[in-house]
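A, B, C and D are the chain letters, set down in written order, and residue numbers restart from 1 in every chain.
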């Protein structure tokens, strides 16, 4: 495990307790205190140096949870050390990087899974199953709304390191669009602005965007993203089919409400892991299964690259003010 | 009252019972049986000939509920007879017609109100009040989803008579977008297809569309429309602001649910008037008030024309595959 | 039509416009201004004297919308004049009165329908149909929650005139319990208090109550009532069956919400008639149909009496602190 | 850790990864395969014999997750070995046992916490905070609905071992009632039956029950429980106050819905831990904190006993058909 931030630490705990067939061997981070704390709690080896950890022959696979701009380099290094890789999303900052990563990984013959964990979430999975079973007829339109409670922290506020809102935040939705609709995107038109956060504006990122797109199948797509949602996460996805509609996600926690003379007030979905905890468990299990059974992971390196391509096309559309065709 | 279809008949009943300051004098339709039935029930005069009704000096105002393609002609005739006019939406089929109507109405010095009744609905009104009061900060994005249970009946299936999906159906949403955001639309990009109904395809209409647009204020807009929603109406509008979000509309009737081993099933919002009955009452009251107090109606002739303009731009974007600037 | 309060006036408008086979002939109230206004608007005769109106031979049926304590007398008078009767709920204040009413009505051979309009509401109707169709298996438990936004106005605040909370307010729920479960109530245990409104306490009424009961079928029942709900109506009913559950009603209007840093706030269901308008239409149609086709109305005089019986048993349980058996 | 069923195993994982200040030392179960698997995964000692584990001087505290009927004996043994105890709910099968446990624990001077984990759940906690802050005024009525998807497994189907539906299932709600209302229960009236599961009937348990009760504060209480809910968990709690109402829990998962011509269908809340995972984390942290900081745990042994008392009173009311006073 490399990168012991919130998500990295979660993966570490899951591999230590929940994932059959896996044994957590070591954790690595550049912050010594964190490495010490986690390695002692989980009774595993501690590394401050990623390259050293890769030399450890008892390690078969690496989970990369470092900042996006480090992904390409670290995934390539892992591949060249013959380790299988689970890489947090997005795969890379640019399509060019993604191409390099994919060719190195292919040459090394290792597995690469990208961390679009929504594919393992029970709700998105049910949507996928319902669509594939024909329950809503032919899928005609994908609509995604993604609003985060606040701006991205630290390095993620710099689009040159994170890929900006289209990649850092909305690539989850691009991945869902491709997966649920079973079709690639062929044309993207985006608009947006930096309306809210001065810091994002200065660094060249946007905070509210709309993306209209078309699939190769002829179906329609739309994604709206915002870096602010005053009361908490607002994540919703729907697919309209010729015979029905599936809805995934929600904008409030149904488990608590208070009604006073001001109205009936719900809170936002506060606890991110409360929603996706089990998806992370399944994601990690899927990765181990892909290695043990020698299968392609559910979210492949190519899936990772596709999301980067759409994000790049969205940025191009913003710059040029016109629809962009994907190759 | 001219045009005694479902909506015309509703207006007739409301003016006969609910609208202070108004007295229903006469009803008119080309179908003799209907005119007889309604006029007897409501104890008012019956006309088969619209021009004859306009000669009646006891009539001060006319409510036009006939098919869209007749609006321009009938509104002009009423104006030239010196009657005030409440015209069902949309005002006309084309912007050219709308221009003629507006100049004739202005010359005649009569009131013209257009029937975008959502402005009188309690939920949309609350949204407008909350936005104007600054409750959600600066409005940044408008998102509308409009799905009807089925295809338009009769003449409305012919886009040359109805203006097609963008005008006949989605002009409600264009009106809401302009009103809630307090800004005109400056740029429209639309895509869509005739995926579901062969009949609509043959006549040149579309059944599922996405419209991405921008406001002069710099805010973003998006409207999705579908002529099909398998379980019933799915009408939702939301406005994201810098400090909050308002949500209007819903996709199911919360008043009944049945939970069995298949899950917990809600029904669609079945009864259109259950949702908008009171809005029609308020719309009719507003019209009378505008006449009596000599004010501009809440939905003016110009509002009516603006919705037609956006619909025309959407059609142009579909034909040309690029964003269209509005003048 | 006698009694032109909010509900009486609604019935008058419905009979004047919506009910096939009926012709509104006259309206009656003790307030002269109201009778004049309504009779002129609806173009019908005006009466200040109920007995005089009953002498009018062009009248076949009477709708009684006066305060509860006048029902027994006025229904009997109408029956003895040979008029069919639609009586607003509850039928009478006491079981004794109800017995007299029923025997007089029977002797007169006229129809008597009681105004439990929920039976005509689309949501309660769907529940009834689902239960009768066996969709939830054997019905095992009925749970009703009924909270009004505020205390009853005028005469209804006096339990000697209204029957108090158990009759004036919760008899709707008693009627639903009997109807949905298809069984009579055999045993009632109630507790409650006058916690909120001093005025109700002084007059001997209660404002929050719980009623636990059992059906002759062996099924369980529970009703909770409150004269206060800070954010608006909170009316919910559910029936648990051996194979499923039906839910009716709701505690907020899904059509508007605003999300700010305080949370996501819904409003209450503000407009009573927005929920039950169509139920009143159907109720009135049912009454006319029962007369024309010589059928027992869906809510018979006996149904009216049964609700009074349960309310009396609840009051007795409160006084005695023990479960009361119904005969 | 003793008892490695679903909940015991969860606690073991949490103490091994999530609870600061605690170190998981050993696990114990009578099933050898399970002890081996868990102890190896978590790198801790394995015991098959509970008494032996209690002799281990490196152990300061024990978490008891065995079947209810073993609680009294095992808690007492732990107390007499000087270990602090976190005991899964309910504390014991009978009030008599609870009295013995409490006196032994007091004499041993160890901490005892009972596992009513809802007190640590974010939604119930918010309700408690809102009530204590006076946001809903004076609390007047508590209403709880608890429906499990299916009958209890194994030993829990035997009321002599589990305490039956009132204790095994509804003591969660009794604990919530006391905690949220801030008052003890003084009078209990219960009715119910064994309508659904033949097996429960044979063993003397019930599957659908209603419990009407009163608090010493004068407020009202009601709890409905069912061992069946066809589409999944249906757990809801509400507290009506003089100025507002709080609602906790829900009956469907808002995160997925499918709308087809049959309606809009939600699924039940499938994954129990998805709802309460974080509550278990906080519960375990609270236990450690109570030991380290020498405080009374949030759910004390007395709280545990109170829930058993109410359950016993409910059973007595069932047998005698009358309200039972608590001492």
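We take it that contacts are C-beta pairs under 8 Å (C-beta built on N, C-alpha and C of every residue); 3 or more make two chains touch, one makes a residue touch a chain.
Remember, it's a predicted structure, so these values are computed and weren't measured experimentally.
**Student:** Determine, among B-C, A-B or A-D, the equivalent of interface C-D; equivalence here requires over half of the contact pairs to be the same by residue number.
**Tutor:** A-B
**Student:** Of the other chains, whose C-alpha centre is the longest way from the centre of subunit D?
**Tutor:** B
**Student:** Give, as an integer number of Å, the spacing between the C-alpha centres of subunit C and subunit B.
**Tutor:** Result: the chain centres lie 37 Å from each other.
**Student:** Between subunit B and subunit D, tell me the centre distance in angstrom, where each centre is the average of that chain's C-alpha atoms.
**Tutor:** 55
**Student:** Where in subunit C do residues touch two or more of the other chains?
**Tutor:** In subunit C, 136, 229-231, 234, 243-245, 247, 251-252, 259-261, 267 touch at least two other chains.
**Student:** Please give the residue numbers of subunit A that touch subunit B in the complex, ascending.
**Tutor:** Residues 136, 138, 140-141, 143, 145, 147, 189, 191-193, 195-196, 208-210, 212, 214, 218, 220-222, 224, 226, 228-231, 234, 240, 242-245, 247, 251, 321-323 of subunit A touch subunit B in their complex.
**Student:** Which residues, counting only subunit A, touch subunit D once they are in their complex?
**Tutor:** Within the complex, subunit A touches subunit D at residues 13, 16-18, 41-43, 122-123, 126-127, 130, 135-136, 243-250, 252-261, 267, 270-271, 273-275, 277-278.
**Student:** List the residues on subunit D that touch subunit B in their complex, please.
**Tutor:** Contact set of subunit D toward subunit B: 229-231, 234, 251-252, 259-268.
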